[in-house]
Amino acid sequence: MFDFSKELDLEAQRRRAAFYFLAPMIIALFCVAAWPLLRTIYFSFTDTSLTNLYGGEWIGFDNYLQRRELSSGRVIWRGTLVDPAWWNAVWNTVRFSVISVFFETVFGLGIALVLNAEFRGRGWVRAAILIPWAIPTIVSAKMWAWMLNDQFGIINDILVRIGILERGIAWTASIDTAMTAVLIVDIWKTTPFMALLCLAGLQMIPRDIYEAAKIDGVHPLKVFWKITLPLVRPALMVAVIFRMLDALRIFDLIYVLTPNSKATKTMSVISRENLIDFDKFAYGSAQSTLLFAIIAIFVSLYIWLGKVNLSGEGNQ
Amino acid sequence: MTRTPWEWTRLIGFYALVVVIVVISIFPFYYAILTSFKSGTAIFEINYLPVDFSVQNYITVMTGRNFIRSVINSVFISGVTVLLALFLAVTASYALSRVRFRGRSLLLITILGVSMFPQIAVLAGLFELIRFLGIYNTPWAMVLSYTIFTLPFTVWVLTTFMRDLPIEIEEAAIIDGATPWNIITKVFMPLLWPALVTTGLLAFIGAWNEFLFALTFTISETQRTVPVAIALLSGASEQEIPWGPIMAASVIVTVPLVILVLIFQRKIVAGLTAGGVKG
Amino acid sequence: MAEIILKNVTKSFGQIEVIKGVDLLIKKGEFMVFVGPSGCGKSTMLRLISGLESITTGEMTFDGEVVNNVIPSKRGVAMVFQSYALYPHMNVYNNMAFGMKLAKSGTGDIKQRVEEAAKLLQIEHLLDRLPKQLSGGQRQRVAIGRAIVRDPRVFLFDEPLSNLDAALRVATRLEIAKLHHDMGDVTMIYVTHDQVEAMTLADRICVLRDGYVEQVGTPSELYEKPDSIFVAGFIGSPKMNFLEGEFADAFDCSTLGIRSEHIDFCDENPVWQGEVVHTEDVGSDNYIFVEIGSKEPLIVRSPGRKGSVYGMKVGLKPQDQHLHRFNREGRPIR
């Protein structure tokens, strides 16, 4: 309507530049994320095998759930959704995620409160707690595997010396303690991350609030529950969701620390096992699709319910 | 300043807590170092303080067939992945933080979503893609697959950093005749280089530590990355786990990371928080 | 060097219309000041002229050429920002040379122009410094220098003095005025919320309010013949006295305006009578607040010094030729 010249105004010029700037990234993400995801979902509806990637045929939902009537008239159900191993993995994953994130949050908040106090050597302590975070997961799995060794492990030695245990236990091999071992290592490794995020949240609380509370003679515990916690809650919730999503997809620690233990096998572990090791490529694809669906639903619910402004757009 | 007994108790309790936190944090690493310097059967005696100083385990690892190769693989893969991600992310995050266009929030949310992806969900599809491209069992398989987490992460963090740059500096550049490309290369990049280093370092650590893709997309020992090499390091027989060399290898790959993290401590915390809690 | 014409220009951000139809002529070589309260649209006007924002409807021409969709650098504008907006990583020389470098001018040419500008602003000795090593006033000079180097058709200032302290502000104001004089025929547009700045610098002032132009005119025109109560109240310090109700009725208007210096004390046949409730001595003048029963006390300027008059009963008389009578719509009755 007011097209006085063919020239683009500044805004239009910038939008065009933005398009060219974004295109390579979007194409890259499409290639490494969207396309493989779609292919995985596709494979889950076929009978593709690892050795014959292009020979799969469409079999519908059979990898998920399949009803078969035998000649005797008996009906049997097959597929991931009735596979006890799968449900065991789901249970392990959920158990692991909830417990580990819970303890990481509690310990992380505790450490953050300590680091938020002013004392000599605070910088050193903060550096020290970054060490577990900096160590590669596989390395920490191996370190702890050695420390938790049944015969020569230092953990058993300590526990026996102080009289908690009578005799060393096979932490990683025993069905009863394998999950505990995994939890210990994960909590040890990830609490620093939580602590740092909590600390960042705590440091955004203005100091004078505490001073006002101190002058008013409010009990420190009450200060924590009534002032600190509500104020760090938004930061804490974001940290918890990030950790939760991370925990739900855990693979490496469990694969290395407790290989082949039924007590710790998670969804990621069992999916990969089927995909690659057992050559049930399509079946594994169905399981990884389910894991994706669970996480996707979880995230959508969270964003929808929490109305979380993850993009930070409101800051502008 | 005099203190009441109650204050003394609190002070001592507080420092005891600090000591516990520090000891738990660093003990496993300390113990790994201690173990790595033990030789032969000394490894099976439990000591709390260093008793031995033998570099035998280090020699075993370094002269082992493929460990050095693995380190080179890891350095190459992580380095290339990070450079690629930063290159794509700098321009993309300029567009995301500085240009008004429709669907920007949606795009940001999608990128964040991709970074939270369960990696197993793309494993089958990536496997096919990598086979199709003929890069199975080469470093390029990892460079390609690691992009799924390094790219969204770098885009997200750099977008947060760029958003904080003053708008007037950009407008001054526009008046001076700078195109968006000029603004990025001549004005923003020089201002953001500390953020670029931090983001790159964090992405590097992520790529360095990755295990699932590296395990799945390599088959021969020479192509392994460090985490896979350590995880699959085996002794003469199946039962005999070579703890000494494993600890030595662990120390070798961890010490540089720990040093880097300690040097960049403050910046890392800023980067992590930018990627995390700016909600 | 440019004549700028705005024809029925509007600007909307989403649903919100910020500039609601502005017609304005800015003459070649003129020093035009946009003034108005915060939110009146004066900064948006400047950004529209700079090209940082494009106009929603209407037409804008520079020397007869339509520039609606022309990007800033092609309009030949230079801008001095409130926060100076110097490039923190470049030294003063490079800050000033950046635009010319982008335009791919020759090194010799750039050097000459930067040095000329530096000399004009007396910042030659600062050329190697980084912005963080400069004081506020020095930064402001560099920002102006950067604009001069661009050799613009139009010079834009966005509240350039508001980050400086009071003494520096007056000195820099003087320099900007001198700069305009020295640069001859460069058109300058200056945004401020400070009417004193506007009065002292402007060839003409454009008073904006709620996205409309209230009045355009020379400082004395605005002062002596305001087109509305708003302009009358906005221009001049202390503020013009406004009287309503029976005070205004007596002069056949809805609102009567009279400036403090246009009221005389008189003991015989005073028009108004009242008690002195407050005085302000600013040195050269005395401002005497007289309670005459109107909404606010009447402010009367009394040159020179007076002893304490607090509580005194006084008689007042306005100078008839300086009365401003306004109708119900706030427009002057002439």
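Order as written gives the chain letters A, B and C; numbering starts at 1 within each chain.
As a convention for this text, a contact is a pair of C-beta atoms (placed from the backbone, for glycine too) under 8 Å apart; a residue touches a chain by one contact, two chains touch by 3 or more.
What you see is a predicted model, and the numbers here were worked out from it, not measured in a lab.
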Contacts common to chain A and chain C (chain labels): B
Of B-C and A-B, whichever chain pair has more C-beta contact pairs: A-B
Remotest chain, chain A as reference, centres from CA atoms: C
Distance between chain centroids, defined by C-alpha means - chain A, chain C (Å): 58
For chain B paired with chain C, centre-to-centre distance based on mean C-alpha positions, whole Å: 55
Euclidean distance of C-alpha centroids - chain A vs chain B, Å: 16
For chain B, residues that touch 2 or more chains besides their own: 174
Of all residues in chain A, the ones touching two or more other chains: 10-11, 13
Chain C residues counted as touching two or more neighbouring chains: 52, 71-72
Partner chain A, residues of chain B touching it in the complex: 14-15, 17-18, 21-22, 24-26, 28-29, 31-32, 35, 43-44, 46, 48, 88-89, 91-92, 94-96, 98-101, 104-105, 107-109, 111-114, 116-129, 131, 144-145, 147-148, 151-152, 155, 160, 163, 174, 179-181, 205, 208-209, 211-212, 215-216, 226-228, 230-231, 243, 246-247, 250, 253-254, 257-258, 260-262, 265, 268-269, 272-273, 276-279
In the complex with chain A, residue positions of chain C that touch it: 51-54, 57-59, 66, 68-72
Interfacial residue positions of chain A with respect to chain C in the complex: 2, 4-5, 7-13
Touch list for chain C against partner chain B, complex: 50, 52, 71-73, 77-79, 81-83, 85-89, 98-99, 102-103, 146, 150
Partner chain C, residues of chain B touching it in the complex: 166, 168-169, 171-178, 182, 186-187, 190-191
